[in-house]
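Notes for the one structure printed next.
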C-alpha cells in the first residue's frame, strides 16, 4: 500500500471514532450537569 | 362555513398588514438590496444567464422570511391567538387563512422584485410570463406552507426571529432548487417539456406538505 | 336536565408535573361559579382546558354534554382571558365583525354595532383599537367575548386590571347573563366582586378541588374564611 | 436489568468490532480501481446507522403523538441526537475519502448533499428542543417537526438525485449496478451491526438523561407552585 493511501485510510477510520468519542464525552458532561442541577433543585425544595 | 372562516382570517391578516405595511415594506426593500448586491458579486461573471434563476429565488427566499416571521408573531400582541383558537374555527382553518394571507403578500413582494430584476439584469420576460407565473405560484405556495408552519411552531419561543430562518431553509431546498432550475431555463428559452420533472416536484411538495400540516396542525396550535 | 358544564377526572401534566389532579365538578345552567385559588394552583390551566385552548392529559370536559374541543361546542362558549385579544390594527367594528364571522354569525355587522353601543363604544366604532385608551380597549374585549351571546362564559381574572367603567360594563352584562339563565365560570383574586355575583364556588388548591359547592354566607362576610376553612395553610 | 443489557450490547459491539476489524485488515489492498476503499467499511455503516436512527425517531414521534407518553419523546430525542453524531462521522469520513480519490473535499452529489441537509435539519430539531422549556409542549412540537423532516429528506434525496450524481454507484449487491465483489460486502454488515449496538447504548443513555431533565423540570415546577 502506498503511504498516501495508508495515511488517508487511517485518517478516515480515526475520524469516525473521534467524532463518536466527542459525542460520548458531551454525554458525560451533560450527565454531570444534570446531576448538579437535580441536587440544586432538591435542596431548593427542602428549604421551602 | 370552513371556507368563510379561512377567508375571514386571511382578510384580517391582509387588512392589518395593509394598515402598517411593516412586513411588506421591509421585505420589498430587502429583496431590492439583495438584487443590487448580487450585481456586484457577479460583476466579473461571464455567463450570468445560468445564474439568473438562482439569483431571483434567493432574493425571494430571503425577503420572504421577513413576511413569514411576522405571520404568527402578529397574533402575540394581546394574545389574539388564544381568541382565534377558542373560536369555532378549526386550527386548520386558522392555518390555511394565515397561509393564504402570507401567499398573497409573498406574491406581491415577488412581482415587484421581478419587475426590478428584469430591468436591472436586462431580462426579457415577454412571452414567458405565463409559465413563469405558474412556477412562481407553485413554488411560493411551497414556501408559504413551510414558512407558516414554522411560524406557528416557533411563535412562543423567545428566539423566534433567529430560529425561523435556521429551521425553514433546509426544508425549502427542494422547492428552491426546482424553482431555480425552471426559472433559469425559462429565461434562457429552454422549452418547458424538458423540465416537467421539476414542475412535478413542486406539485408533489405542495400537496405533501399542505396535507401533513393540515392533518397535524392541531398538535401545534392546541396545547 | 343536561349540565351546562361537566368536568370529569381531569388531569393535566406539564412533563411529569401534575398541574391538575383528578379535577371533577358539575355546573348547572344558570350558575355563576367563582373559581378560586392561589397563584399557580391551576385555575388558568383549568380554564384553558374548558375553553378548548389546551387538551386535558386525562379526563374530559363537557359543555351541554358535548366535548369542549368540538366546533359546535366552542360556538356556545365565550372566553375573556388575561389579555384583551383584540387586534390593534383593526377598528373596533372590524374587530367584532371579524370574530362574529368566525363564530358563524350571519348578521355579524349588525350585531357588532349593537354590541359596540352596549359597551359604550358606538361613537368610535371606526377608530383603530390601537388609538383607544386602556379602558376602551378593555370594553372592546368584553364586547368580543359577549358578541355571539354565549351560553357559557369563561373569564380569567376579569376584574384584575379593568378600569372602573369597564368593571361597571362587565358587571351589568354578567348580571344580565345570570338573569337569563346563562352560565358563567370566572377565576379571580378579587374575592369581593366575585362573591357578590357568584352562586357557586370552586376552590382549587395545588391542582385539586378543595371545595366545590354553593356560595355560603360566611364567604361574603369574610373573604379569607374560605381559605382558612378549606385551605391547608 | 437495563444495565446488564447495556453491558451485553457493549460486549457484542467490542467483539464484532475486533473480529471484523481483523477480517477487514486481511482483505486485499486493491479490489477495484479506487484506493483507500477500506474507509467505506466505516463510512457506509455510519450512514446506515444514522438513517436507521432517523427512521426510528420518526416512528417514535408518531407513537408519541398517538399515545402522549413522554417516554417516546425522550426516545425520539435520544435517537435523533445519536444519529446526528453518526451522520457527522459519515460525512467527514466521506470527505476524507473524496479528497484521496477525487482530490476534492466536497462534491454536490445526491447522497452527500442529502446527508448534509439531514444534518442541518436535525440540527434545527435539536435547537428547537433546546428553545422550548415546557416538556409536553416540546414533545408535541418536535414530534411534528420530526415527521415533516422525514418527508423532506425524501424530497431532497430524490430532487438532488435527478439533478446530478457523482457518487460511486451503490456498493451493496442488492441494488442494481452495485456490488463490490464476493466476500467484500459481509464485513460491512457486521460493522453496521456493531454500530447499531453502540448507537443503542448511546441512545439509551441519552434517553435516560432526557427523562432526568423532565424530572428536574417537574421538581422545579413543584418548588414554584408552593
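So that you can tell them apart, the chains are marked A, B, C and D in the order they are listed, and the count of residues begins at 1 in each.
In this text, a residue touches a chain if its C-beta (ideal position, glycine included) is under 8 Å from a C-beta of that chain, and two chains touch if they have at least 3 such contacts.
Bear in mind the structure is a predicted one, so any value in this text is a computation, not a measurement.
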item	value
Chain ID, smallest distance between chain and overall C-alpha centroids	B
Result of counting contacting C-beta pairs for C-D and B-D, higher pair	B-D
Whole-Å gap between the CA centroids of subunit B and subunit D	31
Rounded Å distance between subunit C and subunit D, as computed from the means of their C-alpha atoms	49
Between subunit D and subunit A, distance of the C-alpha-averaged centres to the nearest whole Å	16
Mean-CA-position distance for subunit C and subunit A (Å)	51
Subunit B residues counted as touching two or more neighbouring chains	223
Multi-partner residues of subunit C (each touching 2 or more other chains)	none
Interface hub residues of subunit D, defined as touching at least two other chains	136, 215, 219, 222
Complete list of chain pairs which touch one another	A-D, B-C, B-D, C-D
Of all residues in subunit D, those that touch subunit C in their complex	68, 70, 134-136, 214-215, 217-219, 221-222, 224-225
Sites on subunit A touched by subunit D in the complex	1-2, 4-5, 8-9, 11-13, 15-16, 19-20, 23-24, 27, 30-31, 34, 37-38, 41-42, 44-45, 48
Parts of subunit B lying in touch with subunit D, wherever the complex brings them together	149, 153-154, 156-159, 163, 166-167, 169-171, 173-174, 177-178, 181, 197, 201, 204-205, 208-209, 212-213, 216, 219-220, 223
Residues of subunit C touching subunit B in the complex	48, 51-55, 69, 71-72, 74-75, 77, 79, 81-90, 94, 98-99, 101-104, 128, 144
Residues of subunit D that touch subunit B when the two form their complex	65, 117, 120-121, 124, 127-128, 131-132, 136-137, 140-141, 143-145, 147-149, 151-152, 155-156, 158-160, 162-163
